[in-house]
Structure formats: structure tokens, C-alpha cells
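The data blocks that follow each hold one structure.
Here come two complexes built around subunit A, the first alongside subunit B, the second alongside subunit C.
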Partner chain A sequence: MAHQVVVTEEHYVFKPATKKNLYIVLGIGVGLFILGLVLAISGGGHHEGGDGGHAAVQSSELVASVQQHAAASEGHATATHHETEPWVKRLYSSLWMNNVFFAGIGIIGLFFVAIQYAAQAGWSVGVKRIGIAMGNWIPIAGVVMLILWFITHHDIFHWTHDYLYNKDGAEFDPIINKKAPFFFWPLAGGSFPIFFIFRMVLFFGVWYWFFIMIRKNMAAEDIQGTTSFWHKNVVLSTVFLIFFGVSSSIAAWDWVMSIDTHWFSTMFGWYVFASWWVTGLAVITLIAVWLKDAGYLKIVNSNHLHDLGKFMFAFSIFWTYIWFSQFLLIYYANIPEETVYFFERMRNSPYSWIFYLNLILNFVLPFLLLMTRDAKRQMSMLKLVCPIIIVGHWFDFFNMVTPGVMKHDGGVGLLEIGLALIFLSLFLLVAFSSLTKLPLFGKNDPMLQESLHHHI
Partner chain B sequence: MDADKNFLVGIFDDDELVLNGVDKVRQSGVKIHEVYSPFPVHGLDERLGYKRTRLPIAAFLFGMTGTSLALIMQIWMLGFDWPMIIGGKNFVSLPPFIPVTFELTVLLGALGMVGTFLIVSGLKPYAWPRQFDLRSTEDKHVMAIDLALNKGKSKEEIAGILKSAGASEVNEKNFE
Partner chain C sequence: MQVTSSVRDPLVTGGKTVKDVSHDISRQVEGKPTSLWWMAMAVSLAVLGFGFYCICYLLWNGIGVWGLNKTVGWAWDITNFVWWVGIGHAGTLISAILLLFRQKWRMSINRAAEAMTIFAVICAATFPLMHMGRLWLGFYWALPLPNAFGSLWVNFNSPLLWDVFAISTYFTVSLVFWYMGLIPDFAVIRDRAVVMGNKTRASIYNILSFGWQGGAKTWMRYESVALILAGVSTPLVLSVHTIVSMDFATSVIPGWHTTIFPPYFVAGAIFSGFAMVLTLLLITRKVFKLEDYITIYHIELMNIIIIVTGSIVGIAYITELFIAWYSGVEYEGYAFYNRVQGPYAWAYWSMMTCNVISPQLFWIKKIRTSIVATFVLSIIVNIGMWFERFVIIVTSLHRDYLPSSWTMFHPTMYDIGEYLFTFGFFFAAFLLFAKFFPVINMAEVKSIIKSDSEKTTHDSHH
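And then the complex of A and B:
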């Protein structure tokens, strides 16, 4: 259609009332966190540890019976070399897991924007700025992760212990020793993991650089109004996507899979990405719905929400597909060094309820609730499904990280819930205050008219 | 006068014109048989007052049929009719059944949906579509009015309505 629709620029105002609500969530989070920490220190965690210990014995028998050369399990080393209190490990593991989870949501904000540019998509003008606002979390997550690594590495990452690489020592681990160059190159195994840290800094650095460049072009486009900035962003986004395709996989191996050092899965990079991606989509949708509720984003109507809903629906199924592909191969091949991952999480384990809950929250519910066209177009349904997906994938990450760090002593308590609320409120504070920096959509975006006429 | 035989055909030059034309014709109380256009015109089906398709419901039911059939088939075959030990697993174990279940769900869902669509649209074998005006495949939008369904108005009256609604020409078309 030929006619032009005239729209007025919108600026988001981060109202004190909204800010206050987020601070209340932060306060509740801090309260629960401190309470959980006190309980964990004063033996609440200990009792739980005792409970878990029982299960641990059962399952370690099971594992030992099948695990022939999957090497002396991490449990041995823990007994002899670790004096860290269980509550400290629990705190570290929870911090690490939340930071990886929210780092992913931040980077997915940028990934979403990059996909829209690279695909030269027209519908998404109204939601691109939400993605770019989420990207502001990238540098924070990077710094936090680097600091956390230096504090927590011996408790979270088994491979950081130098005795594993000492060929004459009793604790020498030939399997981990073979993986040493992946962490320590060019140094010898057991020294400082230069390669690992280099990758962490490189990934966050490059992601942040692309974020700055794409955001700068967006801001310049608002002022100067030529299409050249849009074309520049198409090129930048394409290069970023290639880099992200590789780096997201390696990041998943580094930050999550290397916790279970002996174990490996060729699906894992995709698995972590799928989890991040669908969570990020749910956060983008939820923020868009909130903004519409607050009277903003008039250019986003049910057609655009329908697209976001389809995205979430499709990638919930994609996540399940990846999850199942990883599970079925390991289940069918039945090789001890692979099945150990599911032994720790599925049966005779304090995490088995999370294992099954994961599938219900992340597959069954989104699949059934988002199936019809009307469900994807109605804000009330999206307000229900988005939190389900976000909480579901938080549990997904919990089950990726915690069993490897805590063995059978972990669990979801006040400490974990409190920390999740702290991260969530801080993330939203950063995202919403970044939303105020740029107009809510690019008034000079060459795709604006196409987006206004979007109709499905 | 039988239905589906005698038509008045309005020719519109532009998609904007036909969209507004549909509104005007319907407002004046004339029932439209169908509008043919050389390319998809957004919003045309809403303005014609068409109800949304119920094809997704059919697809869901066909899909569920596929899911149940696949599970029943595999449980019966591998659990009861001819149990085999495969990889030391239970005779009836869910994970290896999932790929087949998925495929049969998709297959029956897709075939069922296509079949339903063909039947509902009357696209049976040897069905020959009627052409109201060949230019609807080129550059004109064609609005067909069934005279039998608009008996309250004379032919000339309807032709006048079509003209005033923006039709560049109005023709008569009779099928035997």
C-alpha cells in the first residue's frame, strides 16, 4: 500500500514508581538471600547435606558399578583436597549459574537485533530497541564473570587443580590431562589457564564492541536520517552472527560444560544457546508487553506480538529438540562416561524433580499454551507464558551447573531464589534505564513503514 | 433463476479501489460472491467478512491421531506382539519411541490438513475453476456478484452500485 503512516517518536520515561517496584524486588531478593545464607551457614544447609549424602552414596554406587575408566570421580579429590564449607560452594555455584544465565539474556538482546538486521526484517522496528537495551548487561556480566572466576574457580571448576596434571602424583588424571591445552595453552597443565581467560575476555570484549557499534549506528540514524547507518548495521550484524555462532558454543563449553570436566557432549553448545535464546525472546516479549501496558510502543500491535509469540513457540520446540537429541544418543549408546551426566541429575538424585520439571515448564506448557493463533496475539497469555519460560530455563541452567559443583548437596532454597531475584532486578534496572537513552523505535528506520503495515 | 449461474462482474484497476469498493458494495446491501485478484491484497478477507479458517483445529486433531497411533503401534509391536531386546532397554521404553511418534504426528497432521483443505475448497480431481475474467490473472481485480442471491435489486441497479463503487467496467457473465 502506498500511503505513509505518520508516527511520533516515543521516549521511555523510567518512572520512580517502576523503579521503586524493582528496588522492592531487589530488597526481597537481598532479604531472602541473607536469610538463606544464614540458614545454610547455621546448619540448615548441613542437614540438607546429610540428606543428600544418603542419596549420594546410593548413586555413587550405581555410578561406580558402571563407571570403569571414567576415572576417579571428582568426589575423591573433594574428600582429600577441599576444605571449603558446603555453604560457600553453594553460594559460588549459585552466583556463577545466575551470572551465566543473565549474561546469556543480555547477549541474546544483541543477537536478536543482529538477526533482524542480517535478515533485513521489516516487522521488528518496534522491538529492536528493547534488544539493544538488554545488551547493556554484557559488560557488567563480563566483569562479574571474570571476578567470580578468580574467587570461585577451585570450587566450581575441578580442572583448575594443579595436582590433576602431576604425572607422578596420586591424583593424576589422564583424561583431564589430555584436555589441558584447551584451558592452559600455551602454558603447561595446572598453571594459569591463559587460554581459558583469554577466551572469556575476548568473547565479552568482541560482543561488547559489536554492541557499541550497532547501537551507535542506531543513534546516528535517529539524528541524521540516512539509510546508510542501516546498511552499516546489516554488515556489522552479519559479521557478529558469524562470530557469535562460534563463540557461543565455546562459551558454553568453557563456562558450563567444563564444570563436569570428564563429561562431554557435542550438542552442548547448541543446548546452552537454545536455552539462552528462548529465554532472551521471552524477556524481549515481556518487556514489550510491559511497555505497551504502560502506554508506550503504539506501533507494536498484535501482529508484532504474534511474531514474537511464534518465535517463543518455535524455539521452545527447538530447545526440546536439542535437549532430546542430547538425551537420546546418550541413553541409547549407554556409555558410562556419558551417562554419568544423567545419573547425577535424573534418578536417585536430589535434582530429579528439576529434571522433569524442566521438560514441563520449557516444553509441555509453552507448546500447549502458545499453540493457537489467539494465544500468541493476546498480551494476557504472553504475560503468563513468558515468566514460565524464564523460570523454566533458570531451572535448566540450575541443573546444568549445580550438580557438577555441589554433587548431591545442592538444592533450590531461599539462597538460590534470593540471588535469582537480585540478578533479575539488577538486570531489569539496567535494561529499563538503558531504554531511556534512545527513542523506543527508530523514526528513520528504513523498515518503519513496513513494520507499521505488518499484517499477518 | 438458479444460484451460481448468472453473474455481474465488476472490474477494478487498483487494490485500493477494490478494497474501498468492497466496503461500498456491501454497505449498499449487495452480497458479493467472490473477489479475484492477481496478487494477495492485505485486509481483503476481513473486509469481505470472511470467518477465520478452522483448519488449525483439524490439524491438531490429525496430529493427535498420529501421536496416539504411533505410540499404540510401537507399544503393541515391541511390547507385546514381538518383544525384542535392543541395547538392554525395557521392551516398552519411551525415549526410542519419540522420533517415530514425532514423525507420525507431523505426517498425519500435514496429510490430514492438506486433505481437509482440498475437500473444503472443493478442489476434487477434474474440478475446473471458473474464470469470471481472464484479466484477474494479469492486472485487474475482479468482483463477482451472483444475481440469484441479490434478487431484491435489478441488474441495472447492481451495475450502478458497482460503477459508483469504483469499477472501471461492469460485464455480464453466464455459466451453463
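And then the complex of A and C:
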């Protein structure tokens, strides 16, 4: 047995200066958000509206036959029924999208920890506590999502309109009517979507329960120092992973895919997961690098950063694989009901430039920048790549959510950027203050010595 | 310096030394084949012979001797092809992806798994070759070669052509990877032969080992090549079954056109590959007395991979069923209704039972650490994975868009015969491998003898 390296427990102190910086980001976010909101209200739309209109005409000609059925039937909501101001819709859309995105980052924090336990990973003792700190966002995201749903549902989820289910009405939609049980069961279509809400509450509730239990065992291990808590967490993590395997797909159908109510893709659940997962890995890495910059986490050295870098590299490619498989199969089969999704995103501004930007930020750049061994081991490079991945996948979610909600009126302006900064700073405030609650790594973690001797 | 946590189970038991490793694994290469080996070989060759007859008959008379008809134009041939390609995924997954993930337990099983991969891919390749009918023109159909046949040129838009490139690349890289790993072990056998005074064996294994001398520089190069090949193989593992899945998913046939196919096929391939590795290794370990190297812990870990991949496949099945309903596409809905309820429901439910339900038994520790249960379940999984491909292919085809074309598929002796041919080949090749090549990577196992051996009482201080 190799000699034991002795390390002392580390505690993170959330310094006022750091806090102040985050409040400044929050302040800038609020400022931009208000400015964006004022511009949106006074402008009644935004400058890209004109372009979008043109492109829309083009694309609707190209896919005319489908759009009669799919997009047109979704469009009639705004045409004949209650008219929400475009800026309100834009606000709702952005709120929903940011919340789904950051909910994913929080849940991936827990998922990362669970993977480390279930796979009995030995290298990751220094970063597990970062993942669990991110998990503190789960209940907040859950509550926000529930509240947002009640406020925004008619504007975000086309399927919530009761006239779609009225067989005698002019707006009856036989396709959506068939899907009704998925949202409304056991109630009738168009009433209250009890099944949908039940799933939302169940998923966040169960995720949060696992978070509490796994975190409790970590804390107990620090005090009592036996390996039994590690074994308990292996079991808990395994059960969590089963639940997450099913719930993450269903959550993606519920919260994202059902926005484009007519559209469907079997890959979609794993697509959303891939996007969340690689973003979460980037956030974990970035926090680890920040902590090291602040003088913490001496036990995390370039070998551990190398592993995190490899994870981001590999799963950026994995995300691209999922993206490409979904795109190619829909493109190749060329079935109008399916291609409409990509037509909407490739032919309308601003979604079209985001569509290509998405591939550059999330595949080309991480692939090239993280290719070499040195790149994955350098903090300076990770500080460049992590934000690219995080911003890239924010755009990915933007393009998943916005076209379905805003049709051709979507845009990325001050409102969207401000709101993203607000979410980001709040998320980091929660994550960093949670980091202070537990030591930065488990001094009694049975894998600690393996992690300290980790050399690749 | 390697440190191993006390919560980990040992990977080598019985207090083996580095010398024991050489001896235990070279033993069966050096000894005479046992009567059991001859018997197994005889059975394999008999099956291969019958299969060979069926293939000759097929090539002489044409594809008409199979049970295919106008509606079901693909059945056992492509089912068996996909089945074998799937099995051929475990070896490279173990040697490449598990290497990248630093899973030391792969070291006792990678050699045999890679050999199995190579034989399985060869078996798979026979099906498209035979389906060509006129095999001797196959080069022109499968490769973009200038020719004098008028408009005969490959179709680059066809996933079947992508298959040709993907599988041949995969085969080449797997073969190189496997053989490269064998080189130092061949040298061990040569060195032992020199000591024993067996000149013939020494010179044969010297050639096989390319005259390996084992200098520090050579080992350094060996290790960097292994890492590079692992990096190259990893995308290949994913790409092969991704492209196989696209044989179906790019077409506009209900039940085939579904976007989840690529990753779901990859998961299924790993699932069936591990099952086949277990089937073979459980026998090998018993016959060659390798219980200290392929421990119950190894078997347990492989069973865990089977649960994970089996559950991923299960989620994919349920996702497909759900989206078939949710999409509201009548054709898609019917295709799945027909699978579950139609004339091939027995095949669908065999698939569900074998692939999704039975592997869940491995959640019980007693079952996943039981040799008998693992052996039985590993065979059940492979039966299930055969049915998966059969269900996807035949149930989607046999209900054509035109109800007047609806029909069933009945295999003939020649469908069965060619399947048997591949079994004969596979087992004969594996038996040859097991006899003449070291079935465990000695060099790699030696590298973990210090850190991951079972701790005996006197050195278990912490």
C-alpha cells in the first residue's frame, strides 16, 4: 500500500467581495432586463420582426402542405383568440427557457455526483461537493417552474387551449385531441392538465429527495468517518439514476417538446439530456477552476482538470452525435410533419443564425480547443471553453423553446440577455453559499487517497 | 504510483505473483489440446460443414432458396447480420472505452472479448455477401470501383454503402488493436519455449511477436499506440451500430423511421456483446481454470453493464411506443399495435421478456454473482436481441402499405443453414484462438498484480 497523503479539511468562505461581484452581475442583468423590457413594450416588437416576416412567407410556401395542418393550426391561437402583447409573450418565453436551462444545470450537479458514486469513481473526490452544491438549485427551479406554468401556460403551451378539444368548434384539432390524456388524464382534454402538473411536481420532488439524502450521507461521513455512508450513497445514487433515466426523458417531452405540440421525435429526451449534461459538466469545471483561483481545492490538480476536460470534450461530441442523428434522420426521410421543426429554425431570423451558431459553439469550438492534452490541463483554456459551452447550450435551449412560442417574432435582445444574467447570478449565489455549508471535499471519502494519487 | 481504495474488490485473487500469471495463462497454449477441445471442435466443424453446403446451394441456385418474398424482402439475413455486428461491439468497447475510463477490470477480459469481436464481425459480413447472390461481382456493388458494367456505381446516399465503410474500418482497427495487444504476450510464450527447449514453438511465436524484446522504449511506444488506437476505436464503436441503425431509420417505413435508433442500437449492441462475452468467458474460465483472473467480481461488473444497457434499451422501447401513440401518425401507431398484438406478437413478447424483464433479475446480488444464473441469462439476452432485430425488420415489412401484399415470413432450411454456418465458424475460430493464443492479456494483468490483488492477512495494514 502506498503511503497515505495527509490533507486537512477545507472550508469555503463566501467572501463579501465575491458576493459583491455576483450582485453586480445581478444588477447589470436587472438593468439590461428592464431596458430590454421597456424597448420591447415601446417597440411593440423588435427590429427583426420584418425580416422574420419575409422568411416566414418563404418557408410557409416551401412547406405549405404541412403548415396548413401543423404550424397554421398552432398559429390560429393568436389570430382569433385572446391576444397577448408580444413583449409579454417574449418575457414568458424567455423566463420559461431560462428556468428549464438552469433547472437542468442544477439537476446535472446531482446527476454528476450520482454517477461518481454508482461508477465507484476514484478521481473525483475534489469536485463532488461542487456538484452537490449545484443541486441546491433543484427546489428553487421546481417552484419557479410551477409558478411560471400557471402564469404563462396559454402563451407557451398551445395544447392548454380548451377550444382545441371542442369537437364542434371551428378550432378543433384532432391530432392534439388525441394527445389529451398525456396532459389531462384523468380529466377531459382542455380542462386542468392534472397529469402534466403531477409529473412536474413528482420529478422535482423525487429529485430533491434524492439530493437531500445523498447530501446528508456526505455530511454524516465527514463527522463519523466510516465507509458505510459511501456504500449507502452508492445504493441511493443507483436508484436515483434509474429514476432520472426515465424522468429526464419525460421532462424533456413535457417542458420542451410539447411546446411544438404537433411535432415529435423519439430522440428528443436524450437530446435535452445531452445538452443539460455537457452544460452541467462545464459549470462544474468552471466552479472548480474559480475555486482554485481563489486558493481553494489544492487537491484538485491538472490531472483532475484533465478528466473534467475529457468529459466536456467527449460529451460535446456526444451531444453533436445526438444532434446529428436526429437531424439527419428527419432530413433524410423528409416527412413534412417532422421537417417543419427544422424549417422553422433554419429559415427564420434569428433562429437561423442561432441554428448554425449552436453547432459552432457546441461542437466545433470545444472539439478543436479541447483536442490536445495540454488544453484540458490548463486553467486558462478551461476558462475559455467552459463559458463557450454554457453560452452555446443556452442558445441551444433558446432555439428549442422560442420558435414554438414566439413563432416569427422571437429575438435575442437585452431582455433575453438580462434575464440570462439574472438567472446566472442567482444560480451562482445559491451554489456558492451552499458550498460554504459542507467542507469542500470529504476528508473521510474512501476514494480520497486514490484521488490524491491520481496521475494521468 | 497506484493507490487502490479499500472499498474496492480485488481483481486478481489467490495471491498470484507475476510469474504465476505467465504460467497460468501460457499453460494451455503449451499443452496438447484436450479431448474436450477436440469434441467441441468436431461439433463446430460439423455445423460449419452443413452451413457450407447450404451456402453453396444458395450461391448455385440464387436467393430464391431463402424464404424471402416480395413483401418481406429482408428477414433472417439482415436480422443475423445486425445480431452479429451487435455482438461484435463488446470487444472494442471493453478495450477502448473502458481503457479511456480507466476500468482496470477490463484487463482480464479484453483479449477474449476482442477476439470474439473480430470473429463476430466476420460472421456478420457473410450475410450481405451472400445476399449479393453473385458474390464474385460484389466488389463492384460494394466499392466505388470503375468497371465495364455500364451504369453500375455505388450509391453514396445509401446507408448500406456507409455500412461497408464503417464495418470494414471497424474490423481493421479492431484487428490491429487486438493483435498489437498480443505481441508482448507472444513474446512471453516464445521466451518460455526457449527455456523449455521447444525450438519450433519458439520460432513460430517469435515471428508472431515480431521479435519483441521488451525494452523500455518499446513499451513506451506500445502504450502510446494503445492509447491512440483506443481514441480511434471509441468513435468507431458508436459509428458502426449508428450506421447499421440507419439502414432502417433513413427509410420511410413505420417502425423503422425513428430518430432514437442510433444511440438505442448502440446500447443494444453493447448489451448483446457483453452477453456473448459472458457466455464464452464463463466456459473458458472454467475449462482453463482461470477463476483467479476472471473473478466473480468481473462477472458481477459485466452483469451491471448488462443491466445498464438493457435498461437503456428498455427506455428506448417505451419511448418508441409512446411516441408512436403521441405522434398521432396512424401508420406508426399501427406498426406498433401490430407488433404488440399482431401475428408476430409472440416475437415481440419474447423480445420484451428476454431483453427488458429478465436482465432486471441482475439487480439481485445473488443472481448477478451466480455463475449458473449469469450463464443462463447471458444466453437469454442474446435470444432476446435476435428477436429484437427480427421484430423490427419483419413486423414492419410484413404489413405493407397495400393490404393485398400482407404476408408472413417462413424461413427455409437455407435461411437456417447460413445462420448455422456462422455459428460453426464463430465457435471453430474461438476454439482455435483459445488453444493457440493467450486468452488473457498477461502484460496488462501483471501491471495490476501489486495494486489490485487480494490482500492476504500479513499485508493488509492501512
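Convention: the second predicted complex is superposed on the first by the 438 of 456 C-alpha atoms of A that agree within 3 Å, B and C clash if a C-alpha of one lies under 4 Å from a C-alpha of the other, contacts with A are read in each partner's own complex, and residues count from 1 in each chain.
In this text, a contact is a pair of C-beta atoms (placed from the backbone, for glycine too) under 8 Å apart; a residue touches a chain by one contact, two chains touch by 3 or more.
Quantities reported herein were computed from a predicted structural model and do not represent experimental measurements.
With subunit A as the common reference for superposition, the partners subunit B and subunit C occupy clashing space. When the two structures are aligned on the shared chain, A:I175 is found in touch with subunit C, with no touch to subunit B.
In the superposed model, A:H455 lies in contact with both subunit B and subunit C. Applying the stated contact rule after C-alpha superposition, one finds that A:V6 touches neither subunit B nor subunit C. Judged by the touch definition given at the top, the superposed model places A:A17 against neither subunit B nor subunit C. When the shared chain is aligned, subunit B and subunit C each come close enough to touch A:Y332.
When the two complexes are overlaid on their common chain A, residue A:R373 makes contact with subunit B while staying clear of subunit C. Touched residues of subunit A were counted for both subunit B and subunit C, and C has more of them.
Where the contact sets of subunit A with subunit B and with subunit C meet, they give residues 1-2, 328, 332, 334, 453, 455. Those residues of subunit C whose C-beta lies close enough to touch subunit A in the complex are 1-8, 100, 102, 235, 238, 242, 246, 249-252, 257-263, 311-312, 315-316, 319-320, 323, 326-329, 459, 461-462. Residues 1-2, 120, 122, 174-175, 178-179, 182, 227, 230-231, 242, 245-246, 249, 253, 264-270, 310, 317, 321-322, 325-326, 328-330, 332-335, 337, 446-447, 449-450, 452-453, 455-456 of subunit A are the ones that touch subunit C when the two sit in their complex. Contact residues on subunit B toward subunit A in their complex (touch as defined above): 15-16, 42-43, 56, 60, 87-89, 95-96, 98-99.
Considering their complex, residues 1-2, 324, 327-328, 331-332, 334, 371-373, 453, 455 of subunit A touch subunit B.
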